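In this document, chain identifiers A, B, C and D correspond to the written order of the chains, with residue numbering beginning at 1 in each.
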């Protein structure tokens, strides 16, 4: 039944997600939202891996493992990031990314 | 696991054990005893370094995910030495009251990143590589934000974590495409089937940007200066030498092995990036007043020079890159060591504070001068040899014009390195920094840098060893 | 053939004296240094006389020609496989003759200076420099090859520079010395280029090789032509440029009058008797090459000589500074010599001019040195150079007066004094060679007589002007040289030059051509008469005449504005139009470019700082853009 | 122990010795001793060299010592000397020795001063003895860098600016050189086989012509910058004007010679065909700098600027002669290097001494100094005469050899530039006499000059050392020119591609 959805669809979706994520990362002012767009990017990658694995190279499972690992790492990353964001909030009394620019040039 | 397997991946195993040990010891120390952790860690890590130097031939583990060779082991050893010096130098700063109860965290975070680099260096496939990369990056963000009550430190942390997250996202996307087009994540398999179809070029470039981010090549370098400036000095030196060094190592390995088939392609990319990196790095470094920021940009420019070695694309290139990183570790740690010592003693980090330093602290000024000359590539100190061999590698590829641009850039860099020398020796200052005597361990670190700067150049053995090992990995 | 190796001592002794006195002079009593210098020169003079005697009479069998002997030679520097600079001493008629002249005059001047320079600061310095000059001059005349001559040529120039600038605290003296050196240096540039061309084409510096009629110079180098003249002619003309510079030929003469700023004995030695005739000596040295190889170059010599002599004579008539009058007369007399060479041919009676020229060189050295030393005595007595401030000195300075008068008669060319004979030979040669020049010389003869006696009368006759202290005759140490020289200038004329110093070394007969001699004597007498009429008593005549020819007078008085022309060229053109712009260009354009590059770098580094805005999202934007750009480049454009 | 290695070792030992000194008195004594030994050693070297030659040893390089340093890159520590380098070593030893005494009164940070000075000299010595391009380049940079501190710390006037400018321009020069050297290395075995840095070995093969065309300008201009090649000479006036006495002496006297030496020892000797092709460009440039420097000097007021510009002119003559590419001219070039080295060192020493007394370097503010300081005055006049090429002093020998050599070319172009260059002797006379007149002669401008004293013993020592050397070369040039000339034969044969008889 998976055969009914061609690989192309997954790729289009993942690519869209990727660029949406990048767009969000570039435009959102809220640090948490930026973190979420990072998650979007990572998930697009996961979709890629899984899809490729499922459609093109079903004999190995490396794609699946890769996506699992990515998910795990993403969780860790998010944890650290949020910890730092809290610290940011302590220091800046805001989590607006534009406030965080005292070091420049 | 068998003893041979242990020997094969002893760096990783030992360091992991070491990190856990620290955690346990730390738990059992009372608040006023915390500072005992420093000597303990130093001794343990010393042992680790020594064991790391034990001879052992490489091997492959986990079905090819992890493979190591004499060369990669030496890379790890080089990193170990660098970390050792950094630990020495961090002593004074760690003993400050507000770091009392979290020194062990510093060590643990440091070591976990180091473990990540180990894995990254000896990774056999992209999965291991990615794991190592993240392991080397995420704790670093915590390190950057180490002094949590300082807003700058926090800013550094957030900038690092966000940028690195984005870059690793893009890198991953590239990896997914590579997987999709080649059907494998193992280096050697990919190396056989990789071609230059547009999709693969795109995939490669995305991967490339991720690496470029770690080595902070223009235009993927913008995080560097802010993070370096915000982080504590010793962390900054760790960023600028260890993580950069490790990244360049794996960068060379992957480019030479995995993407060998499209070397004609990546050589052009590297050419482009090298020129922009050297130039932009220099242009920014010229105007910096904060020493850490200054060194940040100088290290960006240095990364540009490393690319010249990579361009050689042969044993010479590999050797020169490793050799240069080794020299660069000592030179840069010399500079950072002085900055760290001064900021630990006086809290001053601006170049203007260094005016007339020679009058009060001649030894520090001398080491600083030597490091500056070494970074600028002036004989007789080691930096000259490092740069010269990089240029030789590039010239062996026939990139004479690139060499010319690079040497001109070296001249520009000499300008701002001399500005520091000028500040310390020539500029007049009524109230120079008072004379101070930094603690024993720090001085050990500084002296070892001094020795390295002097010895590495004239002692051709080191270069020869690196060369003999490099022959193995490259084609 | 006698051995002449010892002749090398003739220059070396003064050199030794120079080094000794120069290094230790300031420690010894002044008079001692003077005596040492004089002794050294006396020794050299004796050697010179011995040499002359040996060469002309002992070592020479009568009837045969005089050959040139290379008495001594060492190599000094290897240049190319053919060209080697050697130092040595060459003995032949003219060099021996010059040895005698130089040592004699120099000795006289040394003795004279002992008295003249008494009490001057730097007494020992003066004698050291005199010895240095004597050394250089003697080395010059003994040169075995043209490059040695150039070497000593330069040394002579420097010693003249040092001696002119002897009163170095006097700005005018400093200026004069600089002028003298630079003008002659400019001429020497020509000399050098000439040497380069000649040596390149002939592959030799050596005089004997150059002048031998079968040598490369005359046989080969004539060939290639440039602007109608052969290479040989060009090189010889260039070489003559050097000679003209040293001998103050028009238009390179401007340094000579100013050189009179130096002490008077120096003027007598360097700027009357010896150094200024170096040019004549140079041409004489190369005479066969000129005569046989490049006659057109010889014409240049002749005309330059003729013009200079007339030009100088005219100026001399209106100058009021004694020494300047003498300077111009020197220039004019040297013009005579040059002209004589220029009109001469080679060999036998053809070479009459050559002989005459050297003859005149010899006699002129005597009487011109005498004139200068006499003038020195006068100046010594009244402490002024300006003859308008003098008059009626004959009763105060009897000896000086007498000798000075003798000298005047000699130079005017009245028989039987020496000047008559030498000048007569020149006129004969000119008559046979070139009529136009011949008549010019007649005019010059008249003018010479006129201005000399104008000088004589306005010093020793005319109205008595009061002097701040009564003039007194110079001490013996100064007057004895005067007498000796007077003796010389009377009797030098009877030397058989036509047997001794001839173009080809062979003697020939020179019967006195009364058809030419008598008119010349008459013209001279006419000049004297006019001078007597105008200047013996104080009359208004001179001013009237000056008024009548006001323009000519003004031009002549201002030396035909030559100095102004030179001043314009140097100060305005060289300094303001070349040097200053060069300096400006260097600072602002060349250096500006270098600084500009640095400036641009700084500028760029300021301009691009905007990228480092501190905003993480902009960083990310740049990051992504970079990635996309790379992709676009390497997927599509590459 | 190879005698040549001592030339690098002794300075290092001296530096170590200085580290143990207490005050400036000990420091200067130690330095004087070290450099004295060096001078003696140089004399010994010249003697040994001539002895070897007379003994019939016709090897191109004598006293060679070779040990491999970086095997994989075939980098050797390889030393050896021929007549040219021997002469240059002698020059360096003399000038450094004189320089130590000229800076006898440096009290501020004297240890650092002498250390940098001697480090610089060791670089120069190393450069002249090197046969290996790598070590040569290494020593070259060692010689250039201490300049920054020396000028920046002990200099005068706009010292920071000048020091930075000088350092950066020279480093840009070495950038060009580096490219050239790398190119030479990678083309040093066109027929395959082991690449080499050794000059003698490379000279035996022929670098591919198209590579030569590319590399020659890099190398020549690179060295030319240090040799004050127009229009890359502007570091020289500022640098010299700001530098302390001894540094100016060393820099103009010795360091600028590295440029000329490298220009023909590396650029032309190893890439003769390209040199033949491109010579005309550089001949034009050099003949410009000969005349241009001289005219530039006329207008200057500051003694050091005058001397700097005259250095531009004289060093221009060196490169000019080198480019004439025949034995005589090149012989002249080397002699000119030595003669100018001594002369300009003498001048800078005297300028320093005069400045130390009058506290001005403006000639229009001085005058009549001959009266108050006769020794310095006479020394100055001698230097001036040497500089305008008076026979009996070294300048004349050099210039005449150059001119005669340059005149061996018959074509119009060479003739023209030669005569142009020759004309510089007049301009030189003009500015030299201008200075002598304004500085030493004439009335004394400033009354307090009357209290000034004459040279101290160490100043006399330094001055006399130089004057004696100048006169020695000027009076008896034969041994020197023969020593150089015989060593030039192989090089000229390589450069011109035709075998020459040699002079002797």
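By definition in this document, a residue touches a chain if its C-beta (ideal position, glycine included) is under 8 Å from a C-beta of that chain, and two chains touch if they have at least 3 such contacts.
As the structure is a prediction and not an experimental result, all values here were calculated from the model.
Colleague: Shared touching chains for subunit A and subunit B?
Modeller: Intersection of subunit A and subunit B contact lists gives C.
Colleague: Name the chain pair with more contacting C-beta pairs, choosing from B-D and A-C.
Modeller: Answer by contact count: B-D.
Colleague: Which chain maximises the distance between its CA centroid and that of subunit D?
Modeller: The most remote chain is A.
Colleague: Which chain is most central here if centres come from C-alpha coordinates alone?
Modeller: Centre-most chain by C-alpha means: D.
Colleague: Indicate the whole-number Å distance between the mean C-alpha point of subunit A and the mean C-alpha point of subunit D.
Modeller: The computed centroid separation for subunit A versus subunit D comes out at 65 Å.
Colleague: Using the average of all C-alpha atoms in each chain as its centre, how far is it in Å between subunit B and subunit D?
Modeller: 43
Colleague: Quick one: report the Å distance separating subunit A from subunit C, using the average Cα coordinate of each chain.
Modeller: 98
Colleague: I'd like the Å distance between the centres of subunit C and subunit D, where a centre is the mean of that chain's Cα atoms.
Modeller: So the centroids are 37 Å from each other.
Colleague: Spell out, as numbers or ranges, the residues of subunit C touching 2 or more other chains.
Modeller: If we look for residues of subunit C contacting two or more partner chains, we find 609, 612, 614, 616, 620, 624.
Colleague: Could you list which residues of subunit D touch at least two other chains?
Modeller: Residues 168 of subunit D touch two or more partner chains.
Colleague: Could you list the positions in subunit A whose residues touch two or more of the other chains?
Modeller: Residues 22, 25, 34, 100-105 of subunit A touch two or more partner chains.
Colleague: Just spell out which pairs of chains touch, all of them.
Modeller: So, checking each combination of chains, I get A-B, A-C, B-C, B-D, C-D as the touching pairs.
Colleague: Enumerate the contact residues on subunit B facing subunit D in the complex.
Modeller: 316, 319, 373, 378-380, 384, 388-389, 391-392, 395-396, 398, 400, 403-404, 407-408, 410-411, 414-415, 418, 421-422, 425-426, 460, 463-464, 467
Colleague: Inside the complex, what are the residues of subunit C that reach subunit D?
Modeller: Counting only subunit C, the residues touching subunit D are 75-81, 83, 85, 147, 150-152, 154-155, 158, 165, 168-169, 171, 174-175, 178, 181-182, 185-186, 189, 192-193, 196-197, 199-200, 574-575, 578-580, 582-583, 586, 590-591, 593-595, 598.
Colleague: So in the complex, the part of subunit A that touches subunit C is made up of which residues?
Modeller: 22, 25-27, 34, 97-98, 100-105
Colleague: Within their complex, state which residues of subunit C touch subunit B.
Modeller: 601-602, 604-606, 608-609, 611-612, 614, 616, 618-620, 622-627, 630-631, 633-635, 638
Colleague: Sort out for me which residues of subunit D touch subunit B in the complex.
Modeller: Contacts found on subunit D: 69-73, 75, 134, 138-139, 141-142, 145, 148-149, 152-153, 159-160, 164, 167-168, 171-172, 174-176, 178-179, 182-183, 185-186, 214, 218.
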